[in-house]
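Two complexes are shown next, each including chain A; its partner changes from chain B in the first to chain C in the second.
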Partner chain A sequence: MITLTVNGKTVRAREGSPLLEAVRAAGVEIPTLCQHEALEPWGGCRLCLVDVTRPEWNGWAKMVVSCMYPAEEGLIVETHTERVVETRRVVLDLLLARCPETPLIQRLAREHGIEKTSYLPNPEPTDCILCGLCTRVCDHIGVFAISSVNRGAGREIAPPFHEAPPDCIGCLACAEVCPTSCIPYETSDARRTIWGKAFEMVRCPKCGKAHITKAQADFYAGRNGVPRSYFETCDACKRQEMARTFSKLSAGAVGGMETGKQGNRETGRP
Partner chain B sequence: MIEQSCAQMAPLEEILGRYPREEASLIQVLQDVHRAYNYLPCDVLAKVSQNLGVPLAKVFSVSTFYKAFSLTPQGKIIVRVCTGTACHIRGATQLIDEARRLLEIAPGETTPDMGFTLKTVNCVGACAMAPVLIVGEKVHGNTKPAKVAKALGVEEKHHAH
Partner chain C sequence: MRIDSRERFDAAVSEALAGREGHETEILVCCGTGCLANGSQKVAEAFAEEVEKRGLKAGVGLFTKKTGCHGFCEKGPLVVLQPSGVLYTKVEPRHVPDILDKTVAKGELIPRLLYKDPSTKKPVERYAEVPFYKNQTRIAMRNIGKIDPADLGDALAHGAYAGLAKALFEMTPEQVIAEVERSGLRGRGGAGFVTARKWKAARKAKGERKFLLCNGDEGDPGAFKDRSIMEGDPHSVLEGMVIGAYAVGAHEGYIYVRDEYPLAVVHLSLAMEQARQAGILGRDILGTGFDFDIRISRGGGAFVCGESSALMRSLEGKTGEPRQKYVHATERGLFDCPTVLNNVETWADVGAIIQNGGAWFAAMGTDKSKGTKAFSLVGKVKNTGLIELPMGTTLRHIIYDIGGGILGDRPFKAVQTGGPSGGCLPESHLDDPVDYEKLTEAGSMMGSGGMIVMDDRTCMVDVARYFLRFLVEESCGKCVPCREGLKQMLVIYDDLVAGRGRPGDIERIERLSAGMQLGSLCELGKSAPNPVLSTLRYFRDEYLAHIEQKACPAGICRDLTAYEILESCEGCGVCLKACPAEAITGEKKALHVIHQGRCISCGACYEVCPTDAIRFFPKAELAPAAAASRGGAS
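== the complex of A and B ==
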């Protein structure tokens, strides 16, 4: 553990952990859009900017994205200096120009004193802020169905050839993780559609709830070597089943302590 | 249809043989594919993805990122008109107009006979020779609209129509 200062407050952090964690541990709120605890930091949205300095830097400070900057011993972090706040405002102003009709961006901009973008608003408003969360979560799962395509002003998130993505398993992780909920999908007990691809649903053999697509069950089973039936059972039923197993085990353990010990020594199993 | 796609795959097999089957080979393979086919056909990209073990979404992402790659069939000769600042000032717009008139296509389009594709490019870095017109591999500097037909070699053909 190391010690650093956030807005004058001393906080302890794991060396090399993202500065953002230390900032939040200090109870300071800074906005983020592309950060997700389940994914590697990406530094895409630039909203988590902070000023960092050290006593030996003689007053010189640099602006860094706190989600990617590693925590170091003795670092002095300032989260709301004038230039940081101003830069954050410019970023939000630009985001608002891109997404003039997106409630989340409107709210964040308003919180930073921007009612209307000072740039030319996007004539074709979009809700996508290109935070990359959807493609990153898809890659993280190991599906790689969608990606960033084109470049510059024309950049967008799309499946290959803008057609139904062959690799998509319909897990909806991309839609769930999207901060502006801009990935449309439809799901019912019978069918699910996302990215223009239709999926057949699998019903939980115990409760009958349609909770997973056939493609998902196939993908997970193929990857983990766990029987497909494990994934077909829904999480609630799996938990119930596990609770029942544990209660059986604990009841058995009280009665069969002696024989259990014997078994352990020989086979490594109860 | 099947025969055609088999014939289409022949150059690819040869290209894939040149590079190790890994993600790092992707751009070189795409460049060679582009040279062999004059564009990146989607079924070829699918095969590249399979062979190199790179997800199709990643292959598509790279293919659309670089301006040097085209996903639609292009003409045998690519005509590029530089629209950088120097060329713009020295008459790039007139060159484009003349090329449009002669080829009867807009920038970004290909003639129906697949002879030419007309493109505008941001800056070719040859500002001293502005305005610049590139026909295939040949660079024509200090060009005038009147010289475009000769540079393209289309004059006679279009008069015959």
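== the complex of A and C ==
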């Protein structure tokens, strides 16, 4: 562990861990839009900018994105210097021009004193901020169904050739991770559609709930060498079964133990 | 024959030299991309044919060779005769018999093929006397135009690999780095990073595998120095890279060549093959036990792929997009191994530095910028082309002495240096010595050495907009300030040139620029505001005219400019013929008239009028009725 200061407060951090963790440990709030703890940091939204310096730099400081800059001993981090706040404002002003109707962006902009963008509002408003979280989560799962296409101003997120992505398994991870919920999907016990592709659902053999697509079960089974039936059983039933086995094993020793806590998932959203 | 010792190397050089002794006259036909496009291949073939036909080859010791670009493509195809040094320009196959019969056989010159100095209008006989060449000092381009790039022997006869032999046989890796440090060599590809410092860091970095890369992506529009080096003297690049590899302890290298440079790939591949066979590349180089080999990789086809982290991503087989890095590539670069990346020109300098010593190189240039630098001089100058000069040469010397001054002797307005994200410098900076620091201080940059000269018929707002339009397409779009910032900046500029500028636009531009400089992920976004800020700094009045008077002082922005014919019109009718909109009427020898409703403000009439009887003025001054009918007509 190393020690550094964030806005004058001393905090301890793992050496090389992203500065953002130390910033949050110090109780300081800074906006982030392209960062998620399950994924590699990417550095695209530029909102988590901070100033860093060291005593031996004689007053010189550099602006870095805290989601990627590695924590190091003795670093002095300032999260709200004038130029950092101003740059963050420019970025939010630009995002508001891109996504004038998106509640998340409107809120963040307002928190930074921007009610109306100083730029030309997008004549075709979109909710996609191009944070790349969807493509990165899909890559992380190992599916690589969607990607960002085109350079520059024409950049967008799309399946190959703008057609239903052949590799997509319908897991919805992209839609769930999307900070502005702008990836449309529909799901029911019978069918699920996302990215223009329809999926057949698999029902849990225990409770009958449809919680997973057939393509997902095939994909996971194929990758992990675990029998398909394992994935077909829904998480709730799996936990119940496990708890049952566990309480049988430890019968008497741990009486009336609580079974699995549900949904403690950290969404990473502000 | 494989060269495996100092003796064998010296013997190979002597042999190469001896092989050339019989050549009483060498005919050098430029076969660089520029001259090839102008038909130089046919000229070279014609020489070969005619020489054969006359049975001259063995008898008179005549020798024709195809060389790389001489930098003067505008006058191509070029032919140089050696040793006399006669330069012929715009040579066609039909001139070949005359050249052989008159110049080669009898020493007579052919006046119409000689280069004419645009300022003195006199023909210049010798290559070395042409002002374009006379004022140059060539190090990186030392052998371009002299050697046949497809012939290793020819390169050896001209001193190629002498620096490599010295490094491998006489110096330790540390001594090589010290020599490069003494030379003061800085990167020729952009930022001007001290080369020796990179090498030292990579040498020190721990790692079994280390990589050495050559950046031949050259994405700046109009730049062609790296292409010329790779095509015209690929050996200088290979020599520099093998020396660098020895210095840092790398065994694997890549040359990343822009996809549009097929000839560079052919010449590099051929040079690498010949070098491998000669024992200069690959295993056990020159018998010293040192191994280093190079692969060629074709670029990803985008400007941003030339950026260090994007280039490495691209080499790893991923999308060529910049990555935020807080660790130097010299520690963790390609495949997370210690990596040195240098520009083509940087590598081409290295062999000469080792051969002649760092002090020799450092004797040229300024305090912090040493040696020479290649520039591509384009725009409104009389001589355009590729040149190499000592650092510290003034812009005035480059534009007026080498470039021959402004086309049509019009007034100079600005010179844009440093590629798309460089800046524009005005007249008051013409006497600035060109070096990294001076250009940066003035709000521009060295970049890869592009120079675009502009005359008084240039609108600086429009120029900034032109570069923005390039950058908005080339931004990779990963980060918000660059992607959205460029898009919005362009919106502001589109308004400015269309007369929709508003008070406060300058402040908006400045604020957005600061946000992009501080907030962007890579240098593309960080430096993208340079064209904007430098034009604002030196030509603020022009911005104000666009915003406040809705006027374009240079008469370039069409929506703001109108034309009319003055009383002094002699009725020659030249303008009438030039007008693409049929907006001019008039009888021969009588005053002509422009019909404002039809005029599209293209300026063609203004350019052609022989008596300067056409003037432009702000469209805002037109009677409102005429302006309205113009609006209705379009």
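Basically, the second predicted complex is superposed on the first by the 250 of 270 C-alpha atoms of A that agree within 3 Å, B and C clash if a C-alpha of one lies under 4 Å from a C-alpha of the other, contacts with A are read in each partner's own complex, and residues count from 1 in each chain.
One rule holds for everything that comes next: a residue touches a chain if its C-beta (ideal position, glycine included) is under 8 Å from a C-beta of that chain, and two chains touch if they have at least 3 such contacts.
These numbers were taken from a predicted model, which means no experiment stands behind them.
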Chain A residues touched by each partner, larger count belonging to chain B or chain C: C
Which superposed partner A:63 touches (first chain B, second chain C, both, neither): second
Chain B versus chain C as contact partner of A:153, first or second or both or neither: second
Partner chain(s) touched by A:165 [first = chain B, second = chain C, both, neither]: first
Touched partner set for A:75, first chain B, second chain C, both or neither: neither
First (chain B), second (chain C), both or neither touched by A:145: first
Partner chain(s) touched by A:118 [first = chain B, second = chain C, both, neither]: second
Partner chain(s) touched by A:97 [first = chain B, second = chain C, both, neither]: second
Chain B and chain C contact sites that coincide on chain A, given as residue numbers: 148, 150-151
Of all residues in chain A, those that touch chain B in their complex: 135, 138, 144-151, 159-161, 165-167
Touch list for chain C against partner chain A, complex: 302, 304, 323-324, 326, 472-481, 483-488, 491, 508, 511-512, 514-516, 518-521
Chain B - residues contacting chain A, complex: 42, 45, 55-61, 64-65, 67, 71
Sites on chain A touched by chain C in the complex: 42-46, 49, 63-65, 68-70, 83, 86-87, 89-91, 94-95, 97-98, 118-120, 129-130, 132, 148, 150-155
